[in-house]
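The structures considered in this document are given below.
Next, two complexes with chain A in common: one pairs it with chain B, the other with chain C.
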Partner chain A sequence: MSMTAILAKILLLGVVDSLGVWTAVGLVVAQRWGMLAGLVVGLLALNYAVLSKRAYPLRYLLPGLIPFCLMVVYPITVNMGVAFTNFGTGHRLTKEQVIDHFESRFYLPEDGERFTFQAFRDHEEDFIFLLVSKETGTTYLSAEGILEIVTLEDSRFVFDRGEIVQINGYYRLSRGELFRLLGQLQEIRLERNEEVIRLTSIREFRVYQQRYHYDREQGTLTDLKTGIIYTPIAGAFTSADGERLLPGFVVRIGFQNFLEIINNPHIARPFFRVFRWTFAFAALSVATTFVLGFSLAVLLNDPHLKMRHLYRTILIIPYAIPGFISILIWAGMLNVDFGIVNRILQDLFGTTIPWLHDPLWAKVAVVLVNLWLGFPYMMIICLGALQSIPSELYEAARIDGAGSWQRFRKVTFPLLLISIAPLLVGSFAFNFNNFNVIYLLTGGGPPIPGAMTPAGATDILISYTYNLAFGGVGAQYGFAAAISLIIFAIIATISAINFRFTRRLERISEGL
Partner chain B sequence: MYSRHTLLGKIFRHLLVWAMIAFTIFPVIWIFSASINPGNTLFGLRFIPQVVTWNHYLDLFTNPLHPFGLWLWNSIKVSGTASLVTVFLTALGAYALSRFRFRGRRTGLLALLLIQMFPQMLAMVAIYLLLLSIGRYIPWLGLNTHAGLIMVYLGGAMGFNTWLMKSYFDTIPHDLEESAMVDGATHFQAFLRIILPLARPILAVIFILTFIGTYSDFLLPSILLTGTRQFTFAVGLRLFIQGQYATRWGIFAAACMLGAIPIMVVFLSLQRFLISGLTRGGVKG
Partner chain C sequence: MKKFIALLLGFTMLFGLTGAVWASTPGVLTIWADATRAPILAGLSEAFTAEFGIPVEVHEVGFGDIRDRLGIAGPAGEGPDIIIGAHDWIGQLIADGLLEPILFLEDIRDQFVPVAIEAFSSGGRIYGLPYLTEAVGLIYNRDLVLVPPATFTEFIAIASALTDPEKGQFGFLSNIPQPDPYHAFPFISAFGGYVFGLDEEGVLDPRDIGLDNEGAIIGGHLILELITSGLLPVGTDYGAMTGLFNDGMVGMILTGPWAVRDIKAAGINYGIAPLPTIGGQAMRPFVGVHGFMVSAFSANKILAMTFLEEFIATKDTMLALYEADPRNPAFIPALDVVAADPDVVAWAANAAVGTPMPSIPEMGAVWTAWADALLLIVTEEVSPEDALRDAVMRIRAVIGYE
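Let's look at the complex of A and B:
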């Protein structure tokens, strides 16, 4: 390598490194330790790759690996962590944040001190208040939110006809202005020692008292109003009577999310329904698309069939249209009331089908649309496989006296299966997670009645999980993450079997 | 395996194929018909329109309520950039995996494949939070930015694509690079000048497949992009028919036509090219 190239390399690395260190300092200040660790590991790997001769291949891999680690590996790791927590609606904050939240809550005691007040405002929309205690008669002036005792002889006060009209450039608000600014004034908190004083009505300010106190040594939260002591149990401060204070906080709960699937019947019943349907849907999808695609491939592979190239091009169309567009189009065509499919059925047979309303018909619709979407793929791969079968085999079979059906059954089909089986398994895995067709066509619906978690008759595991995390009724991230791990395990197992199976098949076909 | 058919057999076969063709193109014809129908509701749609109108197409580009042209451009920008960078990253990685022998190579390849099997969309919460915190320090890379979305797509660049490209690189003989390196070229120069030009078909396949894949993705952008002006075509399209009462099927249909036809034309004209890549690489998303 030339001198300039080496210099350029070192210079560039220097620039990247200094940028990295600069970012790292920012992260230390912001106390983002996780991000900092990621940055340091990334920088070290980069320097190692560029400077070490042994790491030469890493220079090629790193540009792809960095976004891969950041956007795939890291989120998956977080997800795995979340699967063992109760993270979700009502349990989003850390324990520290929840304690802060409770300690900053106040309540209005019955016998709290009351004040009459006068409010003043300057040109910058800043307010100060003059408060007189109804109990003690002491006069206070607020300065930057803190009350200090003053006397009426104070030199800052400007009197007019016995009333204070101006303090230090702040002008007294009229009653009308008070009404108009009420919303703004109610937000203001004044402090006196540990107490908070707020506007309670257009006439008076009152003392608020801190509602909760957290005892760091005992680890308990005390309600200062009622005296009830709350202890942290399963991610929420809980009283002896079992009353749980919300919001709760995130805690590790071990395998509880997984156990819940088995133990809680309100979750288990819909879950296993979804589970079964996921397998059925994937299997049905593969079976229907394969049968149709394969039949068409056999038809179109026939050299005597005229226009077969044109036919093939037309039949590939569903595959060439972006899936989300065709699914939305189908959703419109299958619309129960106004859809074209039902209108044709009405005209021809005088009846309509409740496509997306009835559990069974919704399932039929999903499989039908997926057939439309998927058969071209099967047709393409079957055509490819058919063409790769050597013609000598047919010749040999013909000489041995096999008829065309026998040739098909004994030569074509088994050979085709060998080359296509791994793709069929791949297709099964793909349909297992075929989120789009479910989500855009039926949205998982119609809903299963009596399910505790939102689940529909056509929901497959992935759309069910999506609804748990992002659906309307609360976000159960922890539970959703646990199910995504289950999906991962299933897909990984299927793929591992496929991988071994493929190798065995390759060995068989090599022996031919 | 095929023998000549009788006339009846011929007619029967053609009929079968034509029945399938009807099933295949029915939705396409229906959506085209909806796009030139004057009505905007499902109910008012006539399969054979009495009056032909191009107003829905005009409306798409002129109505300020939905910046359709911008959505299309956003999609092309995001998908184009993501695919271009993906091809480059994948080629680099696949070259290393195909040409160098190093510790952890096999494990790495398998790990890539295994990790790709995890449904990335389920880690969406983590991705969302990650972009949220990145955006606090680097605003142009955070939520609701195209750069952030592209970055998430680049995370999926390795994986299946690398396998596909590696197996193609494996079929290119080593002699060419070796002779170039004898003449004084570095590994990287050999990669740029010899391997990449030879691998043009697979580069094109991966480019187009990634383009179609990201162009068709609606889930990720619908979670990460919040501003209407940032929307991609896939996110925007749903708006036309999302509401129960505000559904505008005519405009939706016109948008479908404009959004689908370019992709369809590219795909069909390059089908030979793409199919080899597809059958090796698995299934379209």
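Let's look at the complex of A and C:
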């Protein structure tokens, strides 16, 4: 390695390391221990990979592993954590934040006094305030945070053109200065006979009364206005007669989210119907895209076909257009009254199809649109796989007297399946969670008459999860995380079974 | 080369963890606004910075993302001081402890359109400085409809006379069958249907749902009749409605001010009218209000309030916001200035009879169940009675008041 390369290496590593240490300090201050551990491990691994000769292969793996941890392992871990909490609307903050929230709540007494003010500052950044009550006209001066009544004849006041510009060596703040100091001034609390007076705006001070008091020993919150005592129950301060104060806070609730899925009949009942359709949709999507993609690949692979490259390019176009756009265009084309598909059907056959309004036709539409979106992928991978089959095998087959159908059945198809099968499993898993095509095309609809749950005829598990989590009261993240863990388990099981099946295929190929 | 990429990746990872924090910082005002309003505010704030020496950072965040991102960034100490959003967010934001009440508005509430203050109020406090109101009305093509209908009978007569599917011409289109309950609400409200009733304290009561009362069911039948009589094609969605109207093929559409820019661009000779009355009753649309809200996790609460009081709640700023995005100002001194515009008057008339879209978090359950019911009605799968009753049962089941 040249000298410059080594220098560059050390320099870059140094920069990364110093940035890492800087970040680590920030994380220690923020008390984000999990992230800190991740950073330290990542940084050490990076140094080891770059500096050690033995770790040479790591240099190739780390660029993949680090994003993998950041974008796959970390979100899944967070998701698993959230699934066991009540995180969601009304339960977003930590308990400490909620206590802060309530302790900073105040109420303005009915006859609470309001004051206009002038602020003065000395050279030591200390403030005093001159307050004039809007109600009584009484003038007050703050000293050490306590208000005392003064008159304008007070000897400490220095006037200039009828205005007080200086008090005891404190100079009056201009409006611009006030603006810039609002951040400091908003923390100031003045007192007058047990009353708290604080800044409400750049124009006035007001009498405040604290609304809630948190008792750290008892762990209870008292409403100072009504005297009601609230105890923390299931993530919210709750009164004796069951009134729950919002905002609540995040607490671990064990398996409650999972039990809700099983025990709530409105959620459990459609679950199996939705599961069946999800399975059917994923299987149909894989089957239809594979059959069409494979057929086209065989056609395009035929050397007798003219202008193959042109056809191939055209057929890849659906894959090149962002799915979002094509799905929305399809939704427009399948419109019952204004869509081009029904207009053509009307002109040719004098009839139309209620594409997105009928449960069965909506399912057909979803599968058809997904076929449009998915076949180019299958075509591309099949084309690749076909070209990798050695031509000697075909020659040998021909010499053995195999016809073209036999060659296809006994050579092409089995060999193709070996390389394609894992991708089919992947495609199944992908379509199992293919939220976009359902959400954008049918929105899960059409709805099922009399259904007590937001589960339409074409909803798949992931869109059903979305409806449950975000189509109810606000957003129920904990609940959504619990269902997505269940979906993860289902897909993992199906994929495991599929891969076992694929491995059997490979064993067959070894005997070929 | 690989090593270099590895280092580069590590580099970006570290930056990702620490950099680009659009956080509330003492002494600097941070505002989150969507793509339409961020540039306007950035321009306006320059004057504020010049006068008071306080930097204002306006960050563009997608309108649909502002609420959710505030919920994540705010408690983590990385949120803004001020957001611009819709009034129907406040239910969820207050439940999550993310909003600070804005006190000075209580003193100047009479300078705002009443419905706008009502929309941003909760539990006796005001949580947003309203700046625009919007509600649906009847937009008509003056070349096809000479005098807009005042009553529903006239409306049906005009719609029937103009409808000729052979020519591709329609008297009236609306995206109600899409299904869009927001646009369907005037039909439901005309006879006394409502979403949530008010309790004794004047607060929306999720136990009192009026979507399946007698009035709502009559409204459901009215929508069904528009479909069965052949006036309104069941496939009408927003794209078809505005597209055909902008081609000059539609007499009247029921939609809001957001459609006007494209209509103007298409060169249609349009007019805006109040929704017709039915049996002497007004069709009351939902009113949406947009405004400025202050984060409970702001490090500059008083500064943020002062910025709103001294700089935003002024005629000049409100007019500048209106110029950039002409939807009716909620601030009366600004509304008075633009009141010569007949469009403004018509939109104001519709908003005046309207009712603020409910902002409590339970609305999530309402939208989904109500949309399903609407689609079942317009596709003639279920009668309006059964569809709306099922929807209300479902809403009760979802929000837990069975």
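In this text, the second predicted complex is superposed on the first by the 260 of 512 C-alpha atoms of A that agree within 3 Å, B and C clash if a C-alpha of one lies under 4 Å from a C-alpha of the other, contacts with A are read in each partner's own complex, and residues count from 1 in each chain.
We take it that a residue touches a chain if its C-beta (ideal position, glycine included) is under 8 Å from a C-beta of that chain, and two chains touch if they have at least 3 such contacts.
Given the structure is predicted, the values throughout are model-derived calculations rather than measurements.
Trainee: Check whether A:76 is in contact with chain B, with chain C, with both or with neither, and answer first, second, both or neither.
Mentor: After superposing on A, A:76 lies in contact with chain B but is clear of chain C.
Trainee: Per the contact definition in the header, classify A:63: touching chain B only (first), chain C only (second), both, or neither.
Mentor: both
Trainee: Would you check which partner chain A:23 touches, where first means chain B only, second means chain C only, and both and neither mean what they say?
Mentor: A:23: touches chain B and chain C.
Trainee: One more residue to check, A:324. First (chain B), second (chain C), both or neither?
Mentor: The answer is first: A:324 touches chain B but not chain C.
Trainee: Applying the touch criterion given at the start, work out whether A:263 contacts chain B, chain C, both or neither, answering first, second, both or neither.
Mentor: It touches nothing on chain B or chain C.
Trainee: Check whether A:372 is in contact with chain B, with chain C, with both or with neither, and answer first, second, both or neither.
Mentor: first
Trainee: In the three-chain superposition, say which chain, chain B or chain C, touches more residues of chain A.
Mentor: Counted on chain A, the partner with more touching residues turns out to be B.
Trainee: Determine, under the contact definition given at the top, whether A:89 touches first (chain B), second (chain C), both, or neither.
Mentor: So A:89 only meets chain C here.
Trainee: Pick one for A:470: touches chain B only (first), chain C only (second), both, or neither.
Mentor: Both chain B and chain C are touched by A:470.
Trainee: Go through the superposed model and pick first if A:39 touches only chain B, second if only chain C, both, or neither.
Mentor: In the superposition, A:39 contacts chain C only.
Trainee: Which positions of chain A sit in both the chain B and the chain C interface?
Mentor: Of chain A, residues 23, 26, 35, 59-60, 63, 67, 70, 332, 335, 337-339, 470 contact chain B in one complex and chain C in the other.
Trainee: Where on chain B does chain A make contact in their complex?
Mentor: Residue positions touching the partner: 1-5, 13-14, 16-17, 20-21, 23-25, 27-28, 30-31, 34, 41-43, 45, 47, 88-90, 92-93, 95-97, 100, 102, 105, 108, 112-127, 129-130, 133, 137, 151-152, 154-159, 162, 186-187, 191, 212, 215-216, 218-219, 223, 234, 237-238, 241, 249, 252, 256, 259-260, 263-264, 267-268, 271, 275-276, 278-279, 282-285.
Trainee: Chain A touches which residues of chain C in the complex?
Mentor: Chain C reaches chain A through residues 2-7, 9-11, 13-15, 17-18, 26-27, 51-54, 68, 71, 75, 91-92, 94-98, 103-104, 233-237, 239-240, 296, 299-303, 305-306, 309-310, 361-362, 364-365, 367-369, 372-373, 375-376, 379, 381-382, 386-387, 390, 393-394, 397-400.
Trainee: Which residues of chain A touch chain B once you look at their complex with the stated criterion?
Mentor: Residue list for chain A touching chain B: 1, 23, 26, 30, 32, 35, 56-61, 63-65, 67-68, 70-76, 78-79, 82, 292, 296, 299-305, 311, 313-326, 328-333, 335, 337-340, 372, 377, 380-381, 384, 394, 404, 407-408, 411-412, 423, 426-427, 429-430, 433, 435-436, 439, 462, 465-466, 469-470, 477, 480-481, 484, 487-488, 491-492, 495.
Trainee: Which of the residues in chain A come into contact with chain C in the complex?
Mentor: For this pair, the touching residues of chain A are 9, 12-13, 15-16, 19-20, 22-23, 26-27, 35, 39, 42-43, 46, 49-50, 59-60, 62-63, 66-67, 70, 89-90, 92-94, 97-98, 101, 108, 175-176, 179-180, 182-183, 185-186, 199-203, 206, 246-247, 266, 332, 335-339, 354, 357, 445-447, 449-454, 456, 467, 470-475.
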